[in-house]
Structure formats: structure tokens, C-alpha cells
Amino acid sequence: MKKADVKELILEAKKAKGLGWEEIASKIGMSPVWTTSVCFGMNSAPKDKADMLVALFDLPPEASAVIQECPMKIWDQAVPTDPAIYRLYEIVGVYGETIKEIIHEKFGDGIMSAIDYEMYIERKEDPKGDRVVITLDGKFLKYRAW
Amino acid sequence: MKKADVKELILEAKKAKGLGWEEIASKIGMSPVWTTSVCFGMNSAPKDKADMLVALFDLPPEASAVIQECPMKIWDQAVPTDPAIYRLYEIVGVYGETIKEIIHEKFGDGIMSAIDYEMYIERKEDPKGDRVVITLDGKFLKYRAW
Amino acid sequence: MKKADVKELILEAKKAKGLGWEEIASKIGMSPVWTTSVCFGMNSAPKDKADMLVALFDLPPEASAVIQECPMKIWDQAVPTDPAIYRLYEIVGVYGETIKEIIHEKFGDGIMSAIDYEMYIERKEDPKGDRVVITLDGKFLKYRAW
Amino acid sequence: MKKADVKELILEAKKAKGLGWEEIASKIGMSPVWTTSVCFGMNSAPKDKADMLVALFDLPPEASAVIQECPMKIWDQAVPTDPAIYRLYEIVGVYGETIKEIIHEKFGDGIMSAIDYEMYIERKEDPKGDRVVITLDGKFLKYRAW
Amino acid sequence: MKKADVKELILEAKKAKGLGWEEIASKIGMSPVWTTSVCFGMNSAPKDKADMLVALFDLPPEASAVIQECPMKIWDQAVPTDPAIYRLYEIVGVYGETIKEIIHEKFGDGIMSAIDYEMYIERKEDPKGDRVVITLDGKFLKYRAW
Amino acid sequence: MKKADVKELILEAKKAKGLGWEEIASKIGMSPVWTTSVCFGMNSAPKDKADMLVALFDLPPEASAVIQECPMKIWDQAVPTDPAIYRLYEIVGVYGETIKEIIHEKFGDGIMSAIDYEMYIERKEDPKGDRVVITLDGKFLKYRAW
Amino acid sequence: MKKADVKELILEAKKAKGLGWEEIASKIGMSPVWTTSVCFGMNSAPKDKADMLVALFDLPPEASAVIQECPMKIWDQAVPTDPAIYRLYEIVGVYGETIKEIIHEKFGDGIMSAIDYEMYIERKEDPKGDRVVITLDGKFLKYRAW
Amino acid sequence: MKKADVKELILEAKKAKGLGWEEIASKIGMSPVWTTSVCFGMNSAPKDKADMLVALFDLPPEASAVIQECPMKIWDQAVPTDPAIYRLYEIVGVYGETIKEIIHEKFGDGIMSAIDYEMYIERKEDPKGDRVVITLDGKFLKYRAW
Amino acid sequence: MKKADVKELILEAKKAKGLGWEEIASKIGMSPVWTTSVCFGMNSAPKDKADMLVALFDLPPEASAVIQECPMKIWDQAVPTDPAIYRLYEIVGVYGETIKEIIHEKFGDGIMSAIDYEMYIERKEDPKGDRVVITLDGKFLKYRAW
Amino acid sequence: MKKADVKELILEAKKAKGLGWEEIASKIGMSPVWTTSVCFGMNSAPKDKADMLVALFDLPPEASAVIQECPMKIWDQAVPTDPAIYRLYEIVGVYGETIKEIIHEKFGDGIMSAIDYEMYIERKEDPKGDRVVITLDGKFLKYRAW
């Protein structure tokens, strides 16, 4: 059993049970983004959360160990084609140098960690059309001099 | 005179005057990310803001028209190498499918616009190490059926 | 069952029933391009249209939910090789900068949306050889300044 | 003198004279898309039109021969990054197979020519936001059997 | 049944019957290059020729419709590796600009069509070693000005 | 002085003298394709032909040695974008496997040489539109077994 | 049965019979490099040699025809990763221009054929560590002028 | 002064003095391949050989230090296009796995070094056409187990 | 049975027996990095070590020969995406030229071997957060002049 | 003045003064790897170290600010060609998955930081040939669950 198999099982169970990601996340006491990424096999969960997912989705017991495994994070498309994902890539291309500049102004030479990292996605109501608000929250890591 | 020339002039003037991007942005009444991206040539400014930048940095008068031009937004590296920018690319790779899934759950079939779009970067104090918080805020665009 | 499976089933049923895309589209009250793209798995349909397709092609009932799913839009060839598709790619290469220029002249800084978007394909009779006429119709999206 | 030089000269003269592409096109009796693509060096003009452009923009006389030359049509980015152009590329990716299918249904095995080809760009007013309408009009070419 | 399946069946039947491509072509009254390309799935045949191929190779009856289908022309290797095919690619690289120049000199601005196109391959005897002679014969397409 | 410089000089002289490639070729007693490829720097000429080109175009005397040099044959675009050249690339993609098959049927295992090679380009009149006829003529090279 | 299947069968039989490539080559009266390349499916063998391989490895009789087929020579990695093969690629990168220069000095404008070609691999004893000696032996092919 | 500058100076002096690479190599007591690769900037020379090259070609004295520098060995084309170099690349593609297999049979697990490495190029007379013979001679390096 | 199959079997047995790589390595008297790379199929083991692995993991007897085979070392991602591996790639990008410079200063012109090579990974305790320490230890190979 | 200019100036001054990187590093009280990477423009230095470098190399005073700037870390070659650097890339390819596995065994799910990172290069004497020893020392970063 691999992470891809567990993902398939979870997606089927989720549809059968009529659960949404927000609901699943709140049932295991974690955030929706992290929970979804664990179910999609792009993050590992600690044992207690893995067990809760197994129980919630009636997965076979060996799925818990698979959910706890450190994933090999691979994506095939260097430039993603799906429009919803491409727009994020485009934002990195258009605003990447700007973000780098402002991080350096606010923090000095270093980067925002993608490991010690959290992410939130919200719907903001707007009379001209509701808006997607995505929050990236990563620890600042300073370059070491030695 | 091209946008790359104006960028060079602005960066020199900024260093000479000892100005920071936050300060520059507040002087023209706009946000720091947008202001920086305009100065870097990745966005166009309306005439009044362009004129304010020309005055602030003592640029030659023809620079205003250049700042107002619609830019050709080109980036050379399909996969960026600078670590500060690469981490953003990595986030798109690791969390792209997750973000797509949650947008669809919250909004239905569509995307977050990268055009009708705002972005903010903040420093969040944290005793374990301060954190970079980046907020992406784009209008939801629904796929049209016809 | 995935979108690729539904596409296979639809293509078989279409051949067996001797239906054309124009006819299929008019039966569900939508345009031929949108209808074909839904059947090919590159767009999602609302429930009523999905149910009509299931009925029209005698698909298994679970196909309706699949047709309603938000698709992961992936194409493998960054540069398409099929001559009918390559010519479209070539038009983007040869006329891309021209189109950008004229959009900016007519609308200001922004883009034509590929999401809030419609497309039509017609045959135009011409004594020197009939012509293909493709109409792209997308909402203008203006860059936001903030 | 090369086509890139003529393009530079034309863009400067156009700005100095305050001319728009529609106006330029109507002065030489051609369409705006074709006229812009000639000025950008992606099409050749017949002698009379080239001479009219030279006169209109006060170009040096040798520019006429350059405008008449058959251009080497090169684009550097296999996947364009500018959002206004990328959206067109995305449309080819998302709808390419659909367009191919419908051309074959309406015409048989063959393609829409990108050589015996015309293109128009219009602004369509719409209370929910004006729309960009691009019309591609190319001769159908049938595959020859021999 | 797909074009790849038909190709497999034809190659097996061809070997079993001891037929050569020239012979097959003459039996259906077409040229060897076109006939081979149809059997390899890179061209569609009209109904009468498809039926003749089905009869000649004792294919299952549904193969005729497959042979008549408009193929999706895909090749995986942007730069082919097989030496016999690479040499053709090399000729395009070495002589491409030369061919373009001479076409323009003889015909004006336009291209040789790869759709309204025929091709022949002959063996020319030569005491220093026989020679392969390949003839490309395509309609000249003139760029349209509009 | 490099081959690129000689090419520039030749193209200027050719335009000034109003010569065509057919005429140039016949003046030096060679074929138009070979002559053009030498002038474009993609082939080397023997001393007598190089001297004739120098005389014909009034080139500086050191150009003769440059024309005799073995060129470094480099092309930048693995997939050419110019439509006139791309169609040749497309022919290799669509018909490459077919050509390989027929060469093997007529000659056995081996290839058509691109070195011991000649090429001709002719205009063939046709009431439905004149045709470009390109002839590739290369020595068959048999794989050696040892 | 395809060349890949024959390769599998040969490798199994070779292991079972405890044969080395030198021994196999001498049994069929050919060189080890050619023999190995035929068994790996990268060269075709004449009928007598193919039959000898079938007998030597107790292959099914239809394998002989497969071994005689002209192979489609495909390699997936434009830049090979295996260190033993990469070093050869590196030698082409580092010494390619040097080899070209020396071939031109010794022979004039032309190339070393990779078709009319032999290759040998020997072990040379050396007190500082034995050495691999690979000999490339290809016919010189002169560029034709026409 | 960089290695590219020294290469230019050497090539000019070589042409002016009418020297060949064999002659140059014998004057400095080294092999032609190594000597050429040093002059082309793809190898470093010890001080005595560098000084001999400076004297032989009347280079400015600072060239000696440049010739002694460890070069940054860069080649731009992952797949070389020049036919003389491409054939070497093709040999790596066609015979790479074969060479790896035979090295492992003769030596065990390891590679031929491209660093502790020599190379020779000879002309072998042959009534059917002279042949290029290239000898690669590299130390066998065994994988270490630890 | 191939190396990929053996890897699967070992990973299952390792999980079932609750063994860690350090423990496995010490049982066969080798280092953890080498042992892991052998089990992952990226190195070959001598017979005695292969037999010990077969015994330790209760593998089928033919696995020993597979473990002794010289592997074809292939990695699919020219730029790895997994963050743990990408950081190593990034280090090569950021510090590659620096490492080259210092090797040349300490040793002269040559390289660190990746074949006669050892590697160690340790955990170093640190009150600010423990550290990963990776040691690369390869024989210096000097470029040969000949 | 840019980092590339400062690098040029430093390399010239270093050669003129006959300084080695170890010596330079000890004069500014830092390690050789970090010092070299700063001089090569791939790291920023704090003000005191930048001033010491300016003094040591007699650089113009504005160089200090440039040395303190946060660099844009760009490398052009996704796969490096220089053999000394390629071997490091090869080690990432061959041992990347092994290193990931052992880090996860020793630390859990996370990575070695390339930012909070140090590196050392030493020469280890060995009677069979001296060895290069490179030590990578990076903080372990644990994936955050939220």
C-alpha cells in the first residue's frame, strides 16, 4: 500500500460519506490545508492524526503507517498547466523578485521557509465578486555566515 | 528609455536617498508590493502615481510615460534558482493540488485571478523566530458555460 | 470512474448512435465547443446538463457526478505536434505580441480572460475554398492597483 | 537596417505623432491586426503599403525594402509568460483537441491554415464587463491523398 | 480498437503474407509513402481505400472506420534519435534557412504546405553507391494580407 | 572575419547588385541550394569557388579563406518556429517513421547520408496553385557488421 | 515478439549458460561490441548470424526474424545519467570541438561515419591501474559540393 | 585576458604562421589532441608547456598564466548540432549501454575515467575510403564499498 | 527479478522486522549510506555482502545475484523536486563554483571522484536545533596531460 | 557596480597580491568556503567583513555596499557541465534518495537546511592518492503540522 492508494481510498470514502475538507479537518483538529495535503500524500501525519483519519474513513489498519511515512514529494509538471494552479505559478513569476526584495528589506538576507510553514485559504465576500484569500506563513531563515 | 532603464534609475535614487519600499509606497499612497512591482517594471501605474514616482526619485520627465506603459511580463527561469523565490515555487508544487481542491470546495469550478489581484507581505513576531506572512487576495473567476 | 473513462464511453456511444457534436450540443441546449470540451473532460458541467448527457448516451448513473467534477486540466505537449493544433500554437507565437498590443490599445492594461470565456467555430463558404472561423470571446480583466 | 530597427523607429514615431493602431491601419487601408504585425516585423507588406508606412512615420527610405522582406518568424518562449499572451496559449492547451474535433466534423481531415489567414480583434460592450472578441479566419486545407 | 492496434495487425499480416509496401500500395492504387503512412496511423484514408486495406490484410471489419478516422499526429521526440530519421532532422537544421530563402526568391512570401502535400522515395543506381532520392512536393501557400 | 560577417557582406552586395540566387549559382557553376548554403555559412567551398564568390561580390580578399573554412554548423532552435522551416520539421515528424521503413525495404539496414548529399528546389506550375518541389538526394550508407 | 523481448530472453539464457560476451562473439565469428549491440537490440544481424544466436541461446525460432529487423534506435535520456555512460558524453562535450578540428586538418571538410563504423573495447594493463581502451573506427565522409 | 581571448590569438597566429596541430603538438612535445584542447581552452597546461605555446605563437606574456588556469568546462548544447560532433553523441546513444556492459564484464563495477584520460585520432588508409580512428584511453575506476 | 523488485522486498522485510538502516549496516559490517544505496539499487555489493543481505531479509536466493549486478544508475528528474533532495541540488548550484575553486587551490587541476567515493551522514546535537552533517570523501583525480 | 564587477576586481587583486583563499579567509576571520562564495557574489557579507575585503583588495569604497547586498542567486545550467561540479550533481542523483531516507531515520520528517548552513573542504592525505573531504552542515528543519 502506497500513499497514492490511500489517497484513492480517502477520496472514495469522502464522496460516499458526503464530507467536506473543512469538516474532516475539524474532526481531526487540524487545519484544512494541512489535512488535505496529508490526504493527497504530500505531507506526513503524526500517529494520532493518522489513526483518526483511518477511523474517520474506515481505512484498512495498515493505512495508518502509510499516512505517517515521509512522502517523496514529486510533481511532474515544471510549469503546471491547470489554470487554477498555473495562476499561482504566474504570481511567483510576476511577483517573485518583488517578494524577495521586500523580505530582504524587512528581515535582511534570508528566506521564508517552506518547511516550517503554514497555509490558510479563505473566502472573502465582496459585492463585486467574492475573493480567494490565501495566506502563506513561514519562518524567516537567515543565511548563516561561518 | 525602457522599463529596465527606469528600474536602474529608481534603484540608484532609492539608495542615494536612503528610502525603503514601505516609505516609498506610503508617499504615493499605494501598497508596498504593488509599488515595488511597478518600480521593477512588472506592473503599470496610472498617470498620477507615475508622476509621483518621477517626482520622488527626480527621474527624467519621459520616465512617467514609461512607467504607465503596459509591461511585457517575461521571466527567464521556468524554475527559479534563487532560494527566496524557489521556496515559493516549491509551495506551488507541493500545495498546488491542495489549493485547487479547497478553492473548488469553497467556490465551485473556477480559479483565483492573478490579474484582479492584491498581495501583502508582513513580519509576524514569534519567540521561536519571526515569520514571513504573505497574503494572496484574488477575485474568484467562475468558468463560464455557454 | 474518471473523466477519461467517461470520454471513452461517450465516444463509443456517439459513434454507435451516429450523432454529431452540433446535434449533441443542441439536444442539451448548449454550444458545440463547450459540449465537446465537457465530453472530452476539459470542462465541468452543471448537474442538469450532466444528467442530460448521461441520458443521451445511456451512461451509467455515476457518470453524472464525474461530469460535474472540476477537471485537472493537463496537456502533455508544451508544443503540440498535431498539425491542426500546432497551427493555433503558431498563431499565438506569430500574433501574440500583436494581440497584446491591440488589447492594451482598446482596453488599457489587462488581459482577455480564458475562464469567463466562450468560443465558437463556424464554416464560412468561400469560392476559393471554404474557411474555418473561430471566435474567441473572453471578458476583459483589468490589472488591479492596490 | 533590420526589421527590429524599423519596429523601434515606428514605435517612437507612433508615440510622437499620437497615432493609434486603428488609425494607422485605416490610413494604409488595411486591418489593424495585419498592420500591427507588419510594424512588429512578423509579416511582410507589399511595396505600396510599405511605402505608405514609410511616409506616414517619416522613416528613412531604405525602410521600405526592409518592410517588404520576408521575415524570419522567431519567438523565444515555447511557453509565453506574459499573462495576456499566456491566456491564448492556455486556450490552445485546454480547447486544442476540441477545436480539432469540430474542424474534422465540419470539414473532414485537414486543418485551418495559419498562412491564408486573417484575424480581427473587437471590443464588445457588456454590462457585466466589456469583452475581448478575437476572430480567427483561415482557409481550410484538406490532407491530400496520393 | 485504435490506430495503434490496426498498425500492429497490419504489420503482422504483412509479414505473414510476405508483402512489400510497394506491392501493397499498387494493390490499392495509391503511392507507397501515403499507403505506409496510413498503415502507420499518421494519415486517414477514404472509405474505399480503407476497405481495400481491410480486405487485403483480412482485418476485422471495424478496422475500416478506424483507418478512416482523422489521426492525432503525435511524435514524442522533439529531436529524433534514430539515425535514419535524425539525418532528415539534420537536413532541416543545416538547410532550413537556405530552403526558406529559395522558396521566397521563387514564390514570394509564403511556405510549402505540409498538408496539400505528396512525397516519393526512389532508389537511384550509382556506381559509387546507390542513392536515396526523396521528393517533397507541396502546394505553395502565400501569406494573406488583409 | 567570421562566416557571419561574410554572410552579411554577401547579402548587402547581392541586394546592391540586384542578383538572385539562381543567377549567382550559375555564375560560379554550382547549384542554387549549395551556393546559398555556402553564402549563409553552412557549407565550405573549395578555393576556386570561394574566389569566384569574392570576385562576384567584391568581398575583401581574406573572405576567401573564411568561405573555405569548415563551418561549425549550429542551429539554436531544436524545434524551428518560422512557418516555412517548421513545415519541414513537421514532415520529419509525421513521415519520419514511414521514410525509415521504405528506405529499409528498398535498401536494407542503413540510412540516407546527409553529408554525401545534394538538394534541389523547383517551382512546378499547377492550375490549382503552383507547387514547391524539393528533392533530397543522399548516398545510401549501409550499417557495417564487424 | 519485439527486440526488447529477445534481449530479455538472451540475458536470461546468457546467465543460465554462464557465457561472457567475448565468448558469445567468438562463437558467432563477430566482434564483442557488435554482438552485444545486436543482442541489446541496437543493431540488426544478417540471417546467418541471427540463426547462430537463436541456436546458441535456444531462442524460439521466430526470434531470428526479430534479430534481423532494422531497429528503431531510441534512447530516452538526452543527457545520460549512468556514470559509465555519462563519462562518454562528457568526453564528447569536452573534446568534441577538438576532434572536429583534427578531423578537418587530417581529412578536409567532412565527418567520421557512425554507420560505416566499428568499435573495440580492450583492457590495457598498467601498474598504476589498468586502463579501458575504446577504439572508434568510422569511414571518413566528405561533404559533397553540387 | 580569458581563455577565449587566448584561443582567438592562437587561431590567428596559427593561420598566419601556417602551422598545423600535429606540428604544434610536436614542437611542445605533447600529443595533438591534448595540445588542441589546451589551445581551445578546455584543458590547462603546466607552466613549461604554456610558456612554449606563448613563445611559439608570440602571445603576450600574461597569456601563459591564462593557459595554466583550470578551465570552467562549459558546453552550451546538451545535444550538439554540428554533424561531425553529433555523430560522436549518436555513438554514445547507440552504443552506450553496450560499452557499459563490456566494461563491467572485463573490469567489474566501475567506469572509464574521463580525467585520467588520453585520446588519439589517426587516419587509416583504406581502398574503400580512408577511415578516422579515434582511441579513448582512460583509467578504470572501481566503485568503492565502505 | 530486477533491482527494483529486490528494493520492494527489502523495504517490506525491513518494516516487518523493525530494523533501522544503521542496524542493518552494522550487521553486514558496512556503512549505513553504502548499505542503503545498495538496497535501493544504486550500488552493487560483493558476493559476501549480498548473501548477508539475502539472509538478513529472508530474500529468495536469486536475489543475491541481482544485488551483485552493476546497476544502471538512472534518475528521472534533472532537477529533483522533493525538498530534502532539492536542498542538496541547490547547494551544488550555489556553492559549485566555490567548491571547484577551492579544490583547484588545494590540489591543482582535477576533480573529486564520485566513484572512489565514501559518504557519511551524522546527527550533531545543537541547543539551537540539531544539525545534519554530511561528509563527502572522494579521491582527488588529476587531469592527465599526454 | 554589481556583484559581477566586484568579483572581477577581487580576482585580479588576488592574483596581483598572490593571495590564496585560505589566507584571505583567515585575514577576515571567516571560513574559506564562505569567504570565496561572498567574493564570487553568491552570499552577502555583514558590513565589517565587507569593509575588511575592500581594504584587503584595495577595492573602491562603494564595493562594500555591493558586497553587503542580498544576491540574486542564479545558475544557468540546470545540469552543470564542468566535471568538477558535475560530480557533485551526480552524487545528488545517485545518493539523493539514500540521504533523504537516512535523514528521515535519524530526525523524522524534515530536511537539512541550505540556508542555516556551513560547508568545509579539506585535503586528506592518503598513500593511494589524497582525498577531497567536503563537509555539509545544515540545521535540521522539521515539517510543521498545523
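For clarity, chains are labelled A, B, C, D, E, F, G, H, I and J in written order, and residue numbers in each chain start from 1.
By our rule, a residue touches a chain if its C-beta (ideal position, glycine included) is under 8 Å from a C-beta of that chain, and two chains touch if they have at least 3 such contacts.
Here the structure is a predicted model, which means the values were calculated and not measured.
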Furthest chain, CA centroid comparison against chain B: G
Option reproducing the contacts of C-D, where over half of them reappear, out of C-E, I-J or G-J: I-J
For chain A paired with chain E, centre-to-centre distance based on mean C-alpha positions, whole Å: 49
Chain E and chain F, separation of their C-alpha mean positions in angstrom: 23
Rounded Å distance, chain D centre to chain E centre (Cα mean): 32
Per-residue multi-chain contacts in chain E, two or more chains: 72-73, 75, 78-79, 81-83, 90, 93-94, 97, 100, 104, 110-111, 113-117
Every chain pair in contact, whichever chains are involved: A-B, A-C, A-D, A-I, A-J, B-C, B-D, B-I, B-J, C-D, C-E, C-F, D-E, D-F, E-F, E-G, E-H, F-G, F-H, G-H, G-I, G-J, H-I, H-J, I-J
Residue ranges of chain B touching chain J (in the complex, touch as defined): 15, 77, 79, 81-83
In the complex with chain B, residue positions of chain J that touch it: 65, 72-75, 78, 114-115
Parts of chain A lying in touch with chain D, wherever the complex brings them together: 79, 81, 83, 86, 90, 93-94
Contact set on chain A toward chain J in their complex: 30-31, 33-34, 43-46, 49, 70, 72, 97, 100, 104, 108-111, 113, 115-118, 141-146
Sites on chain A touched by chain B in the complex: 20-22, 32-33, 36-37, 40, 42, 73, 75, 78-80, 82-85, 87-107, 110-114, 116-117, 119, 121, 123-124, 126, 128-140
